Amino acid sequence: MTDFSSVTCLTIVAESIVQERLVRALAASGAHGWTLSMAQGQGPSAHGDVSDIEGGNVRIETLVSPEVAVRIWAALERDFFPHYAVSAWQYDVKVARLARYSDEG
Amino acid sequence: MTDFSSVTCLTIVAESIVQERLVRALAASGAHGWTLSMAQGQGPSAHGDVSDIEGGNVRIETLVSPEVAVRIWAALERDFFPHYAVSAWQYDVKVARLARYSDEG
Amino acid sequence: MTDFSSVTCLTIVAESIVQERLVRALAASGAHGWTLSMAQGQGPSAHGDVSDIEGGNVRIETLVSPEVAVRIWAALERDFFPHYAVSAWQYDVKVARLARYSDEG
Amino acid sequence: MDLQESLSLALTNLTSPPVLAFVLGLVAVAVKTDLRLPDAVYQATSIYLLLAIGIKGGVALRESSASDVAWPILAAIVLGIAIPVAAFFLLRVMTPLGRIDRGALAAHYGSTSLVTFTAALVFLQASLISYEGYVVTLLTILEIPGIIVGLLLAQGVRGDRFGETLREVVLGRSVLLLVGGLVIGFLTGPVGYARVEPFFGGLFIGVLTLFLLELGMLTGRQLSAVRQAGPGLIAFAILFPLLAGTAGVVGGTLAGMSIGGAMVLGVLCASASYIAAPAAVRLALPEAKPSITLVSSLGITFPFNLVIGIPVYLLLAEAIGGWLG
Amino acid sequence: MDLQESLSLALTNLTSPPVLAFVLGLVAVAVKTDLRLPDAVYQATSIYLLLAIGIKGGVALRESSASDVAWPILAAIVLGIAIPVAAFFLLRVMTPLGRIDRGALAAHYGSTSLVTFTAALVFLQASLISYEGYVVTLLTILEIPGIIVGLLLAQGVRGDRFGETLREVVLGRSVLLLVGGLVIGFLTGPVGYARVEPFFGGLFIGVLTLFLLELGMLTGRQLSAVRQAGPGLIAFAILFPLLAGTAGVVGGTLAGMSIGGAMVLGVLCASASYIAAPAAVRLALPEAKPSITLVSSLGITFPFNLVIGIPVYLLLAEAIGGWLG
Amino acid sequence: MDLQESLSLALTNLTSPPVLAFVLGLVAVAVKTDLRLPDAVYQATSIYLLLAIGIKGGVALRESSASDVAWPILAAIVLGIAIPVAAFFLLRVMTPLGRIDRGALAAHYGSTSLVTFTAALVFLQASLISYEGYVVTLLTILEIPGIIVGLLLAQGVRGDRFGETLREVVLGRSVLLLVGGLVIGFLTGPVGYARVEPFFGGLFIGVLTLFLLELGMLTGRQLSAVRQAGPGLIAFAILFPLLAGTAGVVGGTLAGMSIGGAMVLGVLCASASYIAAPAAVRLALPEAKPSITLVSSLGITFPFNLVIGIPVYLLLAEAIGGWLG
């Protein structure tokens, strides 16, 4: 039987111009990996259609330990939410091979 | 510390021909925003490979309050499920900045 | 009112070269459907940038009954985790029209 | 032209790269190969094709005098309305299909096929028969009205969704690109067009080849539906092109077109669409079965026109041109 | 050239396929059509355009003698630094905009517009006026410095993010593609270029047409912001091109360029960017309002240059060439 | 041709746009620039390249008489089988690599490199040496067998996954596109091909340039693995092309090809693949380290062939042609 553990899945949708910065922020916060895909979107912010300037949004998912999630949120609130079109949300998921996603694994 | 609230994440996968109609339905139901990406897929319905006609599926995520989610499901059941290739599911997620996603925020 | 049931949403991210094999494994495990999108990513494994060889990763979501999920995990652990760059995780979601996703529905 | 020449030209049609790519798509599905043009590229391809057809139609329109094109355009519009109506009622006689599927088929046959059109021009060039430059304008014009008439027949003007549907089709991507292209081509004329010709002209058949590779796979996945189609639909998919093609030839001749031009209008009328029509039908008539329309228009009518239809419409144009011309 | 000729050439500019596609994009938004170039294709399009400009600039550079191009290149660099500074301070006088938005606009006007440049060349060719082949090198060179100066003016060198930003811009995609292309073009020369000319040369205006279709939609979604722009910004968007264009013509003439060449340098200076600048500004100055820069550069300056600016800069080049030449 | 001419032609190879784009890709990684062709476009690019090679091979095949091509094709097939076998065993002698990695390398060296092939043709044209038109057919034919032999050597026919793998490779995308293209090209012939030439022919080197930009980045990200590669692998990556190239030249000469044609067959044998092979190897031999194959085939053999290999294979062809011809 698969041996499941619980980790946090944090999803970030942002105008794609900040993709590189976001990835650097994830790495700096201790994430072990991430998955990106192209997206478009609309949101409530006053940023308007800014995402179209660079060809849409990027949607990033990263599975991390709760501690790392806290650090990523802090980075988002400091460096991204005030300036860029960004949404983020998180929920708990089950994974096998915990060590791939968390230092404690 | 980040101040989290709970909202509903509703994911809809549909043949991309109905993308515009779905987005209009989300807005009419009170969603504040949504994220789209391109997808392909297969499902149990008799629609066959209809999604290929317009170049695949669209995958839409929208974070909404539970009330808005109810309205969206009603729209899906009335205008989309009977006619088009559509799947939808929902789960709860944590967000910061609740006001971006919900009228109550 | 919508009549909700709970099913498992299993997300698999893998180098896109194994897309066809993964889809066959899902079908063989009893999944009724799946949604694919293109993705890129980075992870902890020693596989390096292998995903770039075939133009990135594929991200697959499949809504299944818990029993089918168990079979898919077994297939992942046997045929995919040891050889390819793959991540997978699961969580519970609510759906309408349960019969579309589960033999019990 | 004798029979042998004619056969060898039919063979030329069948061995054009777009047609062969279509067959390769069928083969890919048959041998279960995981080939797929990425959706983003497929969508860009159809944007390109529609815009390019529109632009070329516009350039050709500008190069023609109003008096030359007025009657042929009128003929095209009348045929674009009459043909789906005829298809709709003929299908009631020949097949057990319901209103919705018949309307869907009418929309496809009311519109036109790019590859068949291109094959007809190649055929004429090989036969050293001249035709009017504005036939590409007629192609652009014929893309749309048949679709709207077909949808109308299926839904009735009272259909509760009809207003929304009409808006979606008329203000949709396909019409915007075709009509927008037409206007761009007309305004920019041959001088402006020359600067984009390598893109919109030179690449056209090549891009069409990729598009038909994908379309072949799409059709291949539906081929099992041929058996369900029934003999009535198969008969329709062969007879109707002959009927509509004759109507087109007569219309073109009456409108004063040359033998080559009348034959091309016949081909446009005889052929069924697979770029603009499937999307509009899917949106407006989701109950229609795509397998039926695909198998009929791409599985049967398409090859029939390439091999038998095109030479027949030319013979017709020569004969009718003799009587009426 | 008399007024009528001049007007008819202005009309030619307005009816070039890229400009008409831009208008079609505006129309698409106005009629709420769901048209959108897939993001993957849009991104590939901008990679293509930047690389193609770079390569062509490099090939042209290699074909010129160092003594011919040294002064014009120096003039371009000086202008690329001076123009955004002038824009930044003029905006302070003419508009109530804050430092950030003024820096953003300075970055856009410091860079250049491909379509306006292309239109200028068409204008010269139609007027049978010759120009130096290396003007495309000047275009490549002028793409970047204005952006950096604009960002600097907005942030100040002490801005806490400035180091990171500079690195992101200088080592970013746009610069890599332009400079990389320049080097590729220089090293491969006309012989190597000939083998990729059908791709990087032949398709260029066609791809630009698709790109401007998308840009038209982007601008269309921002057009409501024109009202907010205020009379000061509108005046700036018309006056500044004249000012910068004059500076470019003078600079080109002093650097020893022909009348045609000086006019092209004037056009480069007068025009505002929409390929490299918006992305750099968005990254470095997220507080700047994209609606302001888009409306000003694409909504006002772009059409102004096409219709009025280009003939005016030619008259200026003829007059100034007479005095200084 | 004297040494200086030869060196200047080697320089021409090194400064072709695809090779320079490959270097730009390496640079992009070195300076950490966020450049990336969107995956959808990259995938479409490789579909295009494979289909285009196939079609051109088919057209060339049709234009040759069966008696002319029979022996060269046979030679190509024999070489396509023998070369990976030789590579596999030579690697056992020269390197400490395991069976899997040796099989992976054998598959790459058994297949061919498009850019090296193109560079060889440019070299011959510049040297005014003629070659057979059907060499592009040999390229198409040589793409696949070497891959299958390499996989077989790594897994053994008894490998539990081998049946599935063989099916995946033989019915996979690459083979379908190459073989499908070959058939399309053969059936459509030069007349049909002329209509898609601007797309499949004219754009070819340009698209290849974009593809190699991406491939340069991919290689750049693996370059740190050179150190791990060890002197044995480096020696292999230089010696083996000379060996395989000689075999190719001999084979071509014995098959009755001209000096130019034998040289091209030598180049095909000497070069290592990076379009079809990496995907097949990744699928079938996931334990093989992509860094090893990439560094060896793209990092060492590729530039070696461009600078030294190509002129050497020509000298060989001239010498061997003298003895055996």
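Each chain gets a letter, A, B, C, D, E and F, in the order it is written, and its residues are counted from 1.
Definition applied: a contact is a pair of C-beta atoms (placed from the backbone, for glycine too) under 8 Å apart; a residue touches a chain by one contact, two chains touch by 3 or more.
The shown structure was predicted, so the numbers you read here are calculated from the model rather than taken from an experiment.
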item	value
Copies chain D and chain E touch via same or different residues, half shared test	different
Contact-richer chain pair (by C-beta pairs counted) among A-E and B-E	A-E
Between chain F and chain C, distance of the C-alpha-averaged centres to the nearest whole Å	35
Distance between chain centroids, defined by C-alpha means - chain B, chain F (Å)	47
Whole-Å gap between the CA centroids of chain A and chain C	20
Rounded Å distance between chain D and chain F, as computed from the means of their C-alpha atoms	41
Set of chain A residues in contact with two or more other chains	20, 37-38, 40, 91
Per-residue overlap in chain E, given as positions that touch at least 2 other chains	34, 38-41, 43, 198, 202-203
Chains that touch, pairwise	A-B, A-C, A-E, A-F, B-C, B-D, B-E, C-D, C-F, D-E, D-F, E-F
Residues on chain E engaged by chain B in the complex (per definition of touch)	34, 38
Residues of chain F defined as touching chain D within the complex	38-41, 43-44, 47-48, 51, 55, 171-173, 176-177, 180, 183-184, 187-189, 191-193, 195-196, 198-200, 202-203
Chain A - residues contacting chain E, complex	15-18, 20, 38, 40, 48-50, 52-56, 83-84
Residues on chain B engaged by chain A in the complex (per definition of touch)	1-2, 7, 9, 23, 32-38, 63, 91-97, 100-101
In the complex with chain F, residue positions of chain A that touch it	19-20, 38
